Structures are given as structure tokens and as C-alpha cells.
């Protein structure tokens, strides 16, 4: 038995590689295609249109192929409404639920194309008909937030995805993003471009989210980051318990025990300080209380409190303590991170894999992302999620942050 | 002002490097020492004794030096009882609390040396006088379990640490442990030695804890691990939500959708399967229920349920779902992991950094540990915690597990 | 001033990504294009034809664009003969010399398309008119072999490149090649596929070239490799001085000094053995002489000599000695390696970056290549040279070689 | 049969770890020891003396143990002259030749202790009796420079090694060397210390050798390095053909083809430029000629020529070309590198493994070494050769060099 469905592709689908990708998907998955119409954009500003019939051996195969084509931006030629099915139980999705990409997505309900709110990958789509003004809405929902009876989109019908197109030419704002990861690109030039982007986000009242790992403190980038927070270049911060404790410990012990943290002499008994720092913050009632009481007087967390920069500290099974400010429940922490990710216009992922993955999981593909790590594998993994606006830099966070600070604060344009 | 304290060292302190380490500590920390007595073991089976006076410029400096010497096994020459102070509040330790190593430790209370129960690093020591039979007990307590009023050991007085000595000669049981990490050692021979160790732990009714990362499933080691669980070579398992979902997904989807997982063809739409697997396990009520209903019929989690191998699945902020079996609170999960770690005689850390660090944090230095990862940095980090019984292997988990399985099941001695 | 040139593309240019790549090249390099004709292959077995006019602002820009399009397989629509210019001096090329890819290439001379002999990347093309039978020939020439007066191809005119197309479906012979590098693919299955490929090359009287690093000896893969050489699965071997010395040293000292190389006990004074091994081979007059005199009786080099497997040992500035068999001049060594590379039907790159790069530089893109290394960066770098027939495996050479040996020798099909 | 030999140790042998190491050697190698005398240095400025008898089962075992003890600085208690044996042939050493460490070494000849000239590891020691003034001399000789009849030192008798002792306290000059490799140390502080060291070497008319990899050019550190050469902070340079070509190519093509190397736009057809750069330098007759003719006007190689900084370009089998300035023979290149290494007071190893290993092989353990690479494994491997004066930094060469330049040129003290 052969079944078929006609799909359409439109846009800069040749030079973006979309068209080749679609043809490859059909063939790789055992299907065939007949091209019915093909109108190529003759100039670089013209779009291309392709209509083709996809054939497969079974309904299941056809559905699987259409699912993949859909994620590339292909739409079925004869649009019908999306199929909705109620969730059978809390945290349970219908069998053929639609699993989201992080691209801008539209769902056809009652003949109307509705934009999906809060694009996020690997979610279900839930349609809410009972909106106040009578128009339905559709939004992404993570599995654990599904409630019995939620109207969940299933199948591929009535769904349109718009993957970001590769920009045809550098547009000045984030042109380096096309380069992807590279340890072979001039580092200082890249830092200047990142600084430009941060200035431009700031000028547009946008929001910069810094995702921070403890290596920032160990490698000597802490003061530079604190300066950036104070100067208003960071609008929210996402990190783990460890980052905050290391940052606070520098303040509580950096000089008080006579050890000069700049002198490169490793104080022994390091971990005792770590534990005791947590104990002290517990005693005082949390980081804001420690700042209010004057016990913490500098550093990244201090500047966050002092400048009303919101932060999320997410717990992990390797934490000591944790601090009272740390969210220990992974699901609660994810929800808090999701909030941050949705607000952000630019995300700086600074030497952390765990927290950067958690943030990255919640980001729409349209959010600009900079990922800095000394480990090329980390950078590659973080960038490898379909973002069209991501740049990676394999470098030392201990030299990167001071250079970025100098670039932003000493050459303020 | 010069203050001083006499300390003693005894044992194979020269060839183990302990003595040199102690002298270096005193000098690095700005102190001086006078050696009062030094009796060297003339033969390799004789112990060495050293008594020296340590001098420092202030009480604070002296205390810091003694803290470090103590962790090397040095004891003050004239033993007095440990100093106990009540914890000022829940989760708050006294200022000068003693922070533990993971070595066997003894505390002097009322003139008696008490062995510390449950050696674990970076904990406080709490003395419990109100034992049923009247004798006091002392045990490690993590910061978040401290309760107001707990009698916490402070200072360095009355505490004796016994770091494990490097074995003088291979004793047949775990002789390769001295090698540490090496990618330059014959791999097949190392696998044979690990198999020998597992056999010997099993013969002694000991307990093997496998700490598992998702790479086991991706790299093709899943079936071999399932075989080892079924054959009784694994007594408990520690992993994350991701490992369990990948393992279950292979079972739920490995063949049901017509995709042969052995054929190297990557099924597309992978993540949808991942989410749906979780949804299905939620619907069924958890992994044991899924096994009971016959939905899950093979794989690592199946064998765990079928063979009463206990498991802990710890949540993380990068999880999907999670499964109902996953402990999402980091502190609860640590407590469950601590239970496992204390039971274990041999720990296999298999391609996971996060979970291996969490387990490693709870292990006494006397527990044998094998760490396998393809990333040398992971192996180094995991072994670098003072264990005298640890061996690292930089290799591919996808070839390691099948070779270990063959070694154990096909050459059962 | 706008200049233009019409080019043609033909083949499976959409699904192979070629067409998108060509459009991207034009735009990235500041040109424009007009599509004159576009006939899409409606079915997967039909080819697509595209003719477009490329416009640029200057002759230099146009030439640069055409150079890149050419390397993707595009040909100018109205073919003319290639432009030939004599080399001005030894080792000096004309200004606009054509720099080769490693793909099959054809050059139009006197109206005839001549296949380029010995495809190799980054070479010049030299036309030799004075062939015995009067027909001209064209072959790649490395810079240092260029002689004054050689007729060197310049510009892009009259040159046709045929980049290998991505296979549309697994054809049984080397189907896994599409996967590229992956540490997430089932390792044992990949080893079986590599074994199948080796068997099939052997059955076709093809030639397998093993490129070997010293880690093979350190990690315990030496005996397995020696077995493969003896069994006829390796036809030639390329390595450095270090590999050979480590291999010979195992034989000369592995047991003779009472140290059991299988026992994991590192003999001290290792480097002295290394030097003395070289000294002994010098004394005997080289490896074949050492085998003939019975001093070397096993190992990889022994099996090479005993089974007439040719080998190239290339020198490096970090060598000790070197052995008399080692070619110390880099240019001579490259020439010897080039010989080997041209003969090979399948190349195994085993835990060496330097020698694998040297061999890879000489390989046509049509030669099948397997690259095994524990460092993902090495594997990525080696595969990243446009070969359509390359597979990478991030694994431990010390477990890979024994498993490959078992697969080939114990399941000989 | 038990044989024995009495050996002595003297110095800061406890806190340097030497004594523990010696005891461990004896036991690991199956021997026993009796301590005859042990006088411990009571204060940190006093030396310790130990005399012990080493027992082994055979002469061969005893000799092996003594060889290892010797390399730790132990001397036989009853000094006799070293045993000399003539080399049996060119490039052939006597059976029991003494293989050198890179530590300061003394050989007893005719009752006199002679300092070994040009300490270098893994060499033979050759005694030259026929010196002009009648006093014998002893120097290291690599295997391939041994000539038949050379008087080669054999056995362990009459040889004294003085391994550098770990400094007891920071002495201001190179105090960070104790830290070894660390990605957890404040990067900017380390750069300041390296700059201090370079200033101090320069003030003492010492010599700084920069060992350079091509990543310097790719990552954007080229201009900073050129500035340092021009300012006189680099006295000689060691690199490969690739580094020089990339550096020259930037100059020849960086702006001439209209591609702004600072703009991050990757020019296509990169490799053609690489080859053509070599061709042009060949045509001109080499780098100095290209500078003299004004074709090369800036960059690292330009500054070397312009400032009479000597350089060695060593060939490798992965080179294109090579340049006429490149030494293609590995043995000749090693000899040139050896010259450079012997002159150097401070060696900067900058993002190259191959050349840094080659230089490192020739360095005495007393030469100060700084190793910078983004790959921690490279840094570890380079530092792991017994130097007491080495510091490693895991960082991005593209940010390191500009920061070092700024530190040296903008804060010239």
C-alpha cells in the first residue's frame, strides 16, 4: 500500500540547505517524492517555492516523514486544523503527541493560524480554548505540567514551523554567529563583537542572562564579572550552589584569614572554608540578609543583590550545604530557569555545562547565545541545538572576562 | 609571639610520603619544626616514629598547621579529649568545627578513642553521648543535617586520622590500584584484573555499586551491563533520570517501531520517543509497575527490578520528565546515594561525571573504586580524592562493558 | 563594472547539498546569480540540472567565486581548454595556479577531457604533452616537485571536479560512512562493519594501509595488530620511529629482563631500554637484519618483515635515535608515504595524529578511511577533509584492536 | 644469592620527597634496605643525611635499583671512578651504558668529579681525555652522534646526580613554578608573574626562547608576539614550517587581496594562499630575502629578521612546501634545536606539542619553562619531565599573548 501527502516549501530554501535536507529526509526514511512544482528564486532576494508529493509504504512511515519535514518548515499543501486530543492523565500525553522544536511555530485551530507562545523544544503543545476574550491560545507545556484533559496537539496536520534562515549577509548585529565554534578565529576581535552585541542589547532595554560556572571564580574572572553586573550589563544570573559559595567564600575569606587571593598561594583547608561559608549564610538567613548585614561586601552575588539583578541558584547532587537560596528540587529549579530563559534577549554561557544545558533546553531558537568554555566539546554540545543566533568561543574564562570588561567599561563607545 | 605544639607520626611514614608531606606543610604554612626523635624502620616491615615540635607565629597559624598535619595522620603528642561545642542553630556549625577527611578517623571522648562511624569527607563530627548502653558514639554529619545543640567536634585536639598507606607490594587483590589513571596501560589486562576483583567481592558476599551514565546506552554497552546485573555482579545501581529513560526507551521502542537498534541507523524523532517513554512509565505508575505489566521486558532497569537490585535515580535540572521513580530533590537524592555508598565494597563509575562525583563525595577512602570514562579529565577528577584503592581507565564504555561481561561470564573461573 | 560567467551543475545536487552550497558561495563572496534553467529530478534516481549566470564586481572576484564553485563540481557552461603556463622556476608556481582538491578531476586539453592522475589535495596540475603515444597526460604535482618550465594549469577554465556524492542508501559495503564521528554509536556493531569492510577489501585483492601510533603498544593492542598482519589483513604500514622502537623493545626486553609486560608492572628505566633497542638495531644493520638474525622474533615489525608487508617509518624531531630504517628527511618521507597512500583501498588510522594527517594529505577523496582515536578532536580533524568514505570511532585502541582481531580471525565468515 | 651496596643521600631529602621516593624504589623493585645512619635536619635550613645498605637477589637487580636511586641523587657510599667502555661502532652504545637524566650530573674520572657539560636527558655520557690542557671532560651525546671508540660511561659507579630541590619558600623570581598545571589559578595574576620573569631574564642579559605553533596566528596572537619580538623580549624562536607560512601569508595576503584579517571573515581558497606564499618565498630565495626586498613588511618572521632574532624552522611530514628556510632532516633539525635549547634561560612553549616536546627533550632541568596551551593534556605532558622550574597555563593563546604584551609594554616597570 502506498500512501501520499503533498507538502509545500517556501523561502530561501535552497541556499539555507532546507530543500536538500527535506529531500534527504524523505529518502533516508524510505519514502519517495515527486516534485510537482519548483519555482526558483532567480535573485538572492527572491524566494523559492517547491511543491512535492511524498510517498511512503504505510501511514506510520508517512507520518514519521511528515513529522521530520514539518520540523524543517514544510507544510502540508492543503491545510486543515490541527488534531487535538485530551491528555489521558496528569503528566501523560496522547500517543501521537506533537513534540516541539525550539523554532517559531504556528498551529491551525478553527481555521486560524495561532502563534505558539513560549517556543521551547521537546514540549507538548496545549490549546486553551477558554481564553477570556474567546480566542483560543496555544502554548508549549513540559511533560510534568500536563494535566488530565489538556487539549494536546497530535500528528503533524495544521502545524507550521519557521526555522530561522541563515542570514544572507552580515547585518552588523550578530554577524559572527555564522561561524559557529572555532578555536581558530582571532580571539580579541570576537570579544569586541560580543561587547558590541551586549551594548546593543542594553541600548534596546533588552535583557542579558549570564549562566555561570564556578570556574569563573577559580580562574580569576570573578571581579570582572562583578564589575559587569554593577555596570548594568547583566540583567539576570543563573548558576548553581557551588558558584555562589565560591563567590561568597572569596569575600568572606579572601582576605579575612590573611590569605591574599591574588597571590596565587593556595590556602590549604579550602573545603572547610567552603562549608563554613554556607553555614554562615544559613545563620544569617540567606544571601540578601548577608549583604544587608554587611557581611558580604563585594563579588558577583553582592552586586546582584545590590543592583537588583535577579538570580536563580539551582541545586545538584554534588552540592555541599546547600545555601538557603538554592532551589533543591530539580523541577522547581527548571521552572525558575524557564522564566529566566524566556525573558532573555542574549544569553552568556560562561564555563558551565550543566546549567548551560538546562538554560539552553528552554530557549527559543531566536534567542542570541554566546558560549564560552575552555573545553571544545562543551562548546560544541551547547551550540548544537539549532539556534541560528549562537556563537561559541573556546577560551579561558579567566582572560575572557577581564578583556570583555575592559572592552565594555574602558571603551564605552 | 611564638607558640608551639608537639606532634607524633608513626607508621610507614617515609616511603608513603607522609613524612615529607608533613614537613612541607609546616614550611609552606610559615611554621618551623624541631625534630625531637626520629626512629627509622630499618626494614621494610618496620614502622618509623617521629616526634617533632611545630612552631608558629600565632595561635591561628598553629591551629591551621595542626589541622593539615592531622589530616596526614599526625597526632598531638599529649592526647587530650576532643573539644565539643553545641551547634548554634540548625544547619549551622561552630566557628572552628572540624571538617572531616574520608579516612578512618578516631575521636577522643572521656579519655577513650572512638572510631568515627560512616567516614565521609567534608562533614562535621557529632558526638552522641546518649547512646542506649551509655557509651558515647561519634559520626559524620553533613551540614544540612546538623541540628541546633548537636555536640560538634572543634579544633584539632583529640582527633586521629589514619590515611591508608600505599601497599608495599601487590597483594593480589587490587594491586593495580597503585597505577592511578593511565591510558598507557594494557587495556585487556586491566579488564581482567577488574573482573577478578568483582569475582572476589562477590565471593565474599560484598556489594558492588554501579554508577551509570547514559553513554552506556548510546555506546552499545547496555546489554552487557544488563547481563552483569542478571548474573549477580551488580548489587546496587546509581544513575540519573536520563540513563533510565534511555535504557527503557530502547526496550519500548528498540524494535516496536521497526527500527533495529543494532543496525546503526539513527531513528529520527529521537527525542519524542524519549518524552513518550517517560509519559508511558508515568501512566503505568513507575518502572516496577511497567515491569510487572510486561511492558518493559529487558534492559538494565528491567534486570534491576527482576533481580531485586536496588537503584537510586537522582534528578537534575537537565532532565526531561522526570520518571516517577526519580528523586527530584537534591538533598533527598544525596541521602539516598549516601546509603548506597556506605554499603558498597566496590564502586564502578561508568561514564558519568555528575553521579560519580556525588557518590564519590560520600565514599570512605577505604572503598575500592574503578572509574571508566573516555575523557581523561573525568577520570583524573574522580580519582583525585585521596582514595588508596582507586583505579582509572580511559577507555570506551561501549567496548569495556562487553569485554568485562565476556571475561566474567565466559571465563567464570 | 559587472562581469559574469555561466556555469552548470548536474547530478544529485539538491539532496547532496551541492546546490545550496553553490548558491551560498556566490552570495558569501559578494556575487549574485541568475538561474537560467532548473530541471529538478522528480524521483530519487533522476538527476537535477541547473544553469546559472554568476555576476561579480571584478574579474578577480569572479575568478575567486568560480574557483570555489569549481571545487563543488560546477563547470563553466561553454567549455574551453584549460590555460597552461610554464613554471617560472623550480618549486615556483605561476601566479594563478589551480590548487587541487582531492576529488576526481578532469582537465580539458586540446579539446579532450583528461582524467587527472593521482588525485591529491593542495597540489598543482602539470600537463605532460610529450607522452610516448602522443596523447597528453595531466597529473598532480606537489610544490617541491615542480620544475622550471612545467606546464601548470592556471585559472578555472577547462577544469571539472566530481566531488563524491553522498550515497542515497546504504549499499552494504561501507554504509556506516555517513555517520561521521560519533561516540554515541554502538561500538561493537561498528567494529563488525569495519571487519566486514576489511574482509571485502581482502577478497577483492585490495590493499589495506595501517597508519600506526605508539599508543597501540602502550595500550595493549600490539599483539592483536601483529596477528592481523600475519593473517594478511594489513598490506602496508605507515608509522614513525617511535612506534617501531616501542614495538621492537617489547620483543627485545618484554621478557628478557624478567619483566612480564602483561603484568602491568611498569619497568623503571624505560627510556634506557628505548635507546638501547635503537642501538642494537643499528648494530645489527636494521630491522630486517635483526629479524634475519633471530634477535627480533615477534611483534608488528617482525610480522611485517616476515610477511613482506612494506612499511614506511617517517622521522620526526622528537625521535630518539633514529633507527636506520627511519627516513629522516621530511620531503623524502612524504614521497614514500604518497606511494603508500596511492596504493591503498582502505586506510586504518590508528591512534596517531601526525602520521595520519601526513597520509590523509595524500589520499584521494574516494579512498575509504577508518580513523580510531580516544581523542574526539583527533578524529574530527582527520575526517574533516571532504572524504565521502570516512568513518571515525572514538574509542580505546587497546580494546579496539583485540575486538577487531577476534571479529576477523574467530568469525572468518 | 644476596648482593648489596651502601648508598648515601644528603640534602633536603625528606621534605623534597627524595627519601620517600628512594625507599619506594628499593621496595618496588624487589629489594630490601637497612638504614645504617639517619641524621635528620632539625630545622628547615639544615640538611638531612641518610646512609643505607641496599640488598637485592642478583647483580642485575641491584644494578637496576642503583640506577634508579642514582637518578634521585643517591650516591654509592664508597666512590670509585666511573667505568668507561669504548663504543663498539658508530651510533652503538656499550650494553650497560648510563642513560642520562636532565639534572646536573657529575662523573668521577681519575679521582676527580667532573661536571657533565650540556645536561640533556636520554643521552650517553662520553669522556674526552684528550682535552687541550690535559684535564678530561665529560659531555652528553645523543645516540646518533656516538662514534666508534668514544669512551662511554657505563654502570652507576662514579656518577652523582643533583636533582633540583623544591624551593622551600617563594623566592620572588619564579615562585609560581611550584603550582604546576592548573586551570584553577587566577589567569591574570599568572600572566603578571610570567611578565616579571621575562623582564628579569632580559635585565640579566639572559635569553628567552619562544617555541611557537600555528594556533598563535589563527587565534589572533600574532601581532602581540611580533610586538614582543620587536621590543626585545624574545631572543630566539623555534617553530615549524607551518607557523612561518601562516605568519607570512597574513602579511602577503592579509590585506593585499582585499580580505581584512581582523574582520573574522574566513577567506575561502585558504590553502591556495598557503601554497602560493611558499612559492613566492622560494622565488625570492627565502625569508630574509623576502624581507630585504620589502615583500614581507610585518609579522613575527619579519621582526625576527629585522631584529636579528635567530630562528629554527623544523620540517615535518605534514608540511606543505616547505619553505627554503625549513630544515627538512629531522636529525639536523634536532641539532639546531639543541643549540637553541642550551642557550635559553627561559623557554616559552606556545601552543605547539611537537616542537615543544622536541625542545623540551634537550633542556636541562634547571631551565625555566612556561607552557601555554588550551589543551590540558598538552600542558601536562610538557611539564611532566622533571623540571623544577616549569609552570603550565591552560588558556587561549589568542587572549594570552595580547595580555602578556600589554603587561610588558604598557606597564614597563
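Points to keep in mind about this one:
For clarity, chains are labelled A, B, C and D in written order, and residue numbers in each chain start from 1.
Assume a residue touches a chain if its C-beta (ideal position, glycine included) is under 8 Å from a C-beta of that chain, and two chains touch if they have at least 3 such contacts.
Note that this is a predicted model, so its numbers are computed, not measured.
Between chain B and chain D the CA-based rotation angle works out to 180°, given as a multiple of 5.
Among the remaining chains, D is positioned farthest from chain A, on the basis of C-alpha centroids. Centre to centre, using the average C-alpha position, chain B and chain D are separated by 39 Å. Centre to centre, using the average C-alpha position, chain A and chain D are separated by 46 Å. With centres defined as mean CA coordinates, chain B is found 34 Å away from chain A. Interface residues of chain B, counted against chain A in their complex, comprise 25, 28-29, 60, 64, 67-68, 88-93, 95, 97, 99, 121-122, 124, 142-144, 257, 268-269, 271-272, 274-276, 278-280, 282-283, 314-322, 328-331, 333-334, 337, 354-355, 357-358, 361, 375, 377. Note for the complex: chain B touches chain C at residues 170, 176, 179, 183-191, 193, 215, 218-221, 261-266, 374, 394-396, 398-400, 402-403. Those residues of chain B that touch chain D in the shared complex are 14-17, 19-20, 23-24, 27, 32-35, 38, 40-44, 166, 168-169, 376-377.
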